[in-house]
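Take a look at the structure set out below.
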Amino acid sequence: MAIAQPALPKAKVAPWNDPIIRGWFFQIVVIGAVTALTWYLVSNTIENLERQRIATGFAYLGRESGFEIGDTMIPYSPADTYARALFVGILNTLRVSVLGIVLATILGTLIGVGRLSPNWLLNKLCECYVELFRNVPLLLWLFLIYKVISEAFPGPRQAIAALWDTVFLSNRGLYLPVPFAHDVHGWMGVALLVGIAATWAIRRWAKARQAATGQPFPTIKAGLGAIIGLPLLVWLISGAPLDFSVPHLKGFNFEGGTVIQPEFTALLVGLTLYTSAFIAEIVRSGILALHKGQSEAAYSLGLTRGQATRLVLLPQALRVIVPPMTSQYLNITKNSSLAIAIGYPDLVAAVNVTINQTGQAVENVLIIMAAYLTVSLSISLFMNWYNRRIALKER
Amino acid sequence: MAALNGTSTVIQLDQVNKWYGQFHVLTDINLQVKQGEKIVICGPSGSGKSTLIRCINRLEEHQAGSIVVSVDGKSIELSNDVKNVEAIRKEVGMVFQSFNLFPHLTILDNLTLAPIWVKKMPKKEAEEIAMSLLHRVRIPEQANKYPGQLSGGQQQRVAIARALCMRPQIMLFDEPTSALDPEMVKEVLDVMIELAREGMTMLVVTHEMGFARSVADRVIFMDRGEIVEEGPPKEFFANPRNERTRTFLSQILHH
Amino acid sequence: MSQATEAGPATPRPAALPPVVDAGALGWIRKNLFSSWGNAITTVLLIAFIVWLGSFLLNWAVLKATFSAESGKECVGTGGACWAIIGAKLRYIFFGSFPYDQHWRPLFAIVTMLGMLVLSCDRRMWNAGRLAIIWGIGTVITFMLMFGQIHIPVTLVSAIIFVASLAATLFRRTVADNTERTVYTAVTVLSGIYLILRVLGVLPSYSVPIVLFSYVETGSWGGLAVTMILATYGLAFAFPYGILLALGRRSNLPLIRGLCIGFIELIRGVPLISLLIMASVMLPLFLPSGTSIDKFLRAQVAVILFAGAYIAEIVRGGLQALPKGQFEAADAMGLNYVQRTTLIVLPQALRVVIPPLINTFIGFFKDTSLVLIIGIFDFLKTASQALVDPLWTGFPGEIYLFAAAVYFCFCFSMSRYSKYLEHELNKGTRR
């Protein structure tokens, strides 16, 4: 329908009485003021940098960093560049954030469900947990946990041993055995990916079959079988190599195996405990938001408890839960920057050292902001997309 | 109705058109409202009747045609000029379906707000006017309560008084009784009938056909954005000429 | 009552009592703790856990604990808590390195700020005039106590007077009578003339000193007062600017909206630490060379920038919750944008968002602890610093639990107040 929409014949309007012109005038004034302020700040900054003879630009990223990083996921030495040091920091941030998100979600869901338990004791205990962790700063929890680990736990020589002297707990961290690197690990990874792909295919096939014939298919069991079974099969076929590097005391510290450092542990435990208290409240309110009539209607249609939960209740609860949960996930990512206070080498810590060594504050602060903004914006874009998908269609 | 022939035109709509995106909500609307005339606009939902009266005080913008409001011998055309919009809004009162009273202000403050801030009236004078209007709508005792403490019918009467407080020349009613419980409809209609007797120019969007029969000078039937039929209520209800009007009337008159 | 025809004259039935097992303490225990097998097992396990934890805590914190000691050595080996460290370090934890004989000053500043906050919680105080008086007096007393002396620059005061009287001239124009209007105009013109002369350099810079106590610079401030000032004034300054951001984000002017969205999302997307680092290393670069900016003030600026973006999002929630009809009714009455916003929109929107605002304030109160990373001695920092004393080293648990208890008292009472208020406002006057 391409109906021409003739414009309203322009009556004579004094420009200062036309809302559109007024709007543009106001906008230009504000933008002008902001630009002027920015220009003032930038020109001051340039002048100050010149006066203090601080270099500008990102050339420093290619230079040798010269500082140690205690806990790295990829090989790194002080001889590597600043860029690599910052990358190590980013990986550390991501590692602690992802693990924190997973653990906090699990713990938070359990506590949130516990808050709704008919058992009065469990209910109150969960409430105490939530109030205790919510109302004290995260940084304080981090200090407390870190100090308790590093001061109350014994040194390596008196380490607490467990599981037939393969696992050791000391104030230097938790030492665990790891399997020696073996070619089969790569193939197990491939098998895992194949298993995931197969699960996805099975799901599609099962949905199509159910739509066509009405026959349901145990997708979850089959999928779990594929995801766990395939790598296991590959491992067995290759002769089930089972050589572990076991940590053992040598001199004043352990050798072999792998170590979970106390800084990382403290940060992860702190983030998990603190955030799970908030997640528990979100889960609880999501469940409470469900209308009682919904479950009654589902049961009256003859759906089983499991079906009612999966098909009717969970989708509705998720709609309430997902948006605030997103901001908690973002909070974990941002709060992982508190690492700097207990010495875990995350991005902010790496940047801080870099600022102190190079003096190039502006570039480094920009790097931090860009990194976090990328993570935040991509998570919120994804969540917005997800939200739109599950949102209720209303008039 | 003949008595109105001599009086002046207060609202003049010429070829008014409006679109929501590609959807044509108002098509070539021509309408003349005389001083003191009471017009009832009816039609099925989505027919554009609310949009039409909301265009008159620029709550909605029309895209083609002209709307001219004339008061005290001055003609003001609705355009992009904010001064004109302000001038028209001072002379045109509006009553909404959902009352839209301000819940954070007392009844009295709701009434005096616009006289004080728009008409720059001293507070004492505004309060006097407000109280006399509350007497007219028969709820002076509620003056210091908040809207939430009143029943729907009382709230709508307050909303009418609030609009009257600006001493408007023209009153627009957008389905004033649709959100009310049946037993409260009458108290609001009574106030509106009284207002009509005093000679106020009124445009009323409503489904209350009894009100249209007893008060209106003219009934307008709209469908799909067009004025399908108009005429004095007697004729309109006795022998509607258009098929669409007949269908509509049979639907709302005989359940 | 369509089916009530069969009923004869109503005979009063004796009031039915619940089955005995559900009533009384026994019934309660049965219903809430042992309603099913699973429930009973949970209860038993939990009781075992609580007894275990409780006996451990009782042993550690009370029975084996040391409550007074000359130094930490006396606590070693007791197997219990060393609460003596709290007693020994109490004043340092609360007041930091504020001159020892002047500790009463931050103490009274804390009391003043507490009083200010408590008074602001009373709904009878919720109007602009009363709040302005409470906060004005409270602020002067707080900073007078903390600094010991204040130098009030006349130029700044006259600038404030100029802006205030200009605003009054504009906003009261419609309601003020002639005398009032003349006064506003006169004050505006006089302060304007003074400002122009001052800018042109005709008049010298002058400030009125009020000297009551010895001067204490911000570098020596520490402890709870610092935490409270950062949180309270962070919120107080962030509030108006957060409202402006929220209005900007809801505006239909595309450039303004874009600017506000960009700013809000930028601040909310990065951690507070990065803002603090920025404030501490970049703010000095932003200013003309030669000007230095106090470290404490830098942290405060970062907190304000941070808080504003979060407040803006909360206020936006309140604006969105407002029914469209309210805007239309205001328009139909002929109110302009400023009148509509200040008389109709904000009073309603802000009322809705008070409970979430308090929750945000709790968040800021906790988050101010991050300033210790850029070297400000807030409450958490002074607590940590107390551990550095070689006489008392080795008792982090005791110190941090004590600090946690203090934070908990503040945050928990605020969250209870917010819950209560939410309940009250919902009950409120509307149906």
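Which chain is which? They are A, B and C, in the order written, and residues in each are numbered from 1.
FYI, a residue touches a chain if its C-beta (ideal position, glycine included) is under 8 Å from a C-beta of that chain, and two chains touch if they have at least 3 such contacts.
Remember, predicted model here, so these are calculated numbers, not experimental data.
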Note, CA centroid farthest from chain A's centroid sits on chain B
With centres defined from CA atoms, tell me which chain sits nearest the overall protein centre. C
Counting only Cα atoms for the centres, state how far chain B is from chain C in Å. 47
Cα-centroid distance, chain A relative to chain C, in whole angstrom: 28
How many angstrom lie between the centres of chain A and chain B, each centre taken as the mean Cα position? 56
Would you pull the chain B residues touching chain C in the complex into a rising list? 57-59, 86, 89-90, 92-94, 96, 98-104, 113-114, 116-118, 120, 123, 146-149, 162-163, 166
Inside the complex, what are the residues of chain C that reach chain B? 174-175, 323, 325-326, 328-336, 339, 343-344, 347-348, 351, 428-431
For a test of understanding, state which residues of chain B touch chain A in their complex under the given definition. 17, 19, 22, 24, 62-66, 77, 79-84
Taking the touch rule as given, give the residues of chain A at its contact with chain C in the complex, in rising order. 23, 26-27, 30-31, 34, 41, 44-45, 47-49, 51, 117-122, 125, 131-132, 134-141, 143-144, 147-148, 151-152, 330, 334-335, 337-338, 340-341, 348, 351-352, 355, 361-362, 365, 368-369, 372-373, 376-377
In the complex, the residues of chain C that touch chain A are 32-33, 35, 39, 42-43, 46-47, 50, 252-256, 259, 265-266, 268-274, 277-278, 281-282, 284-289, 362, 366-367, 369-370, 372-373, 380, 384, 387, 394, 396-397, 400-401, 403-404, 407-408, 411-412, 415
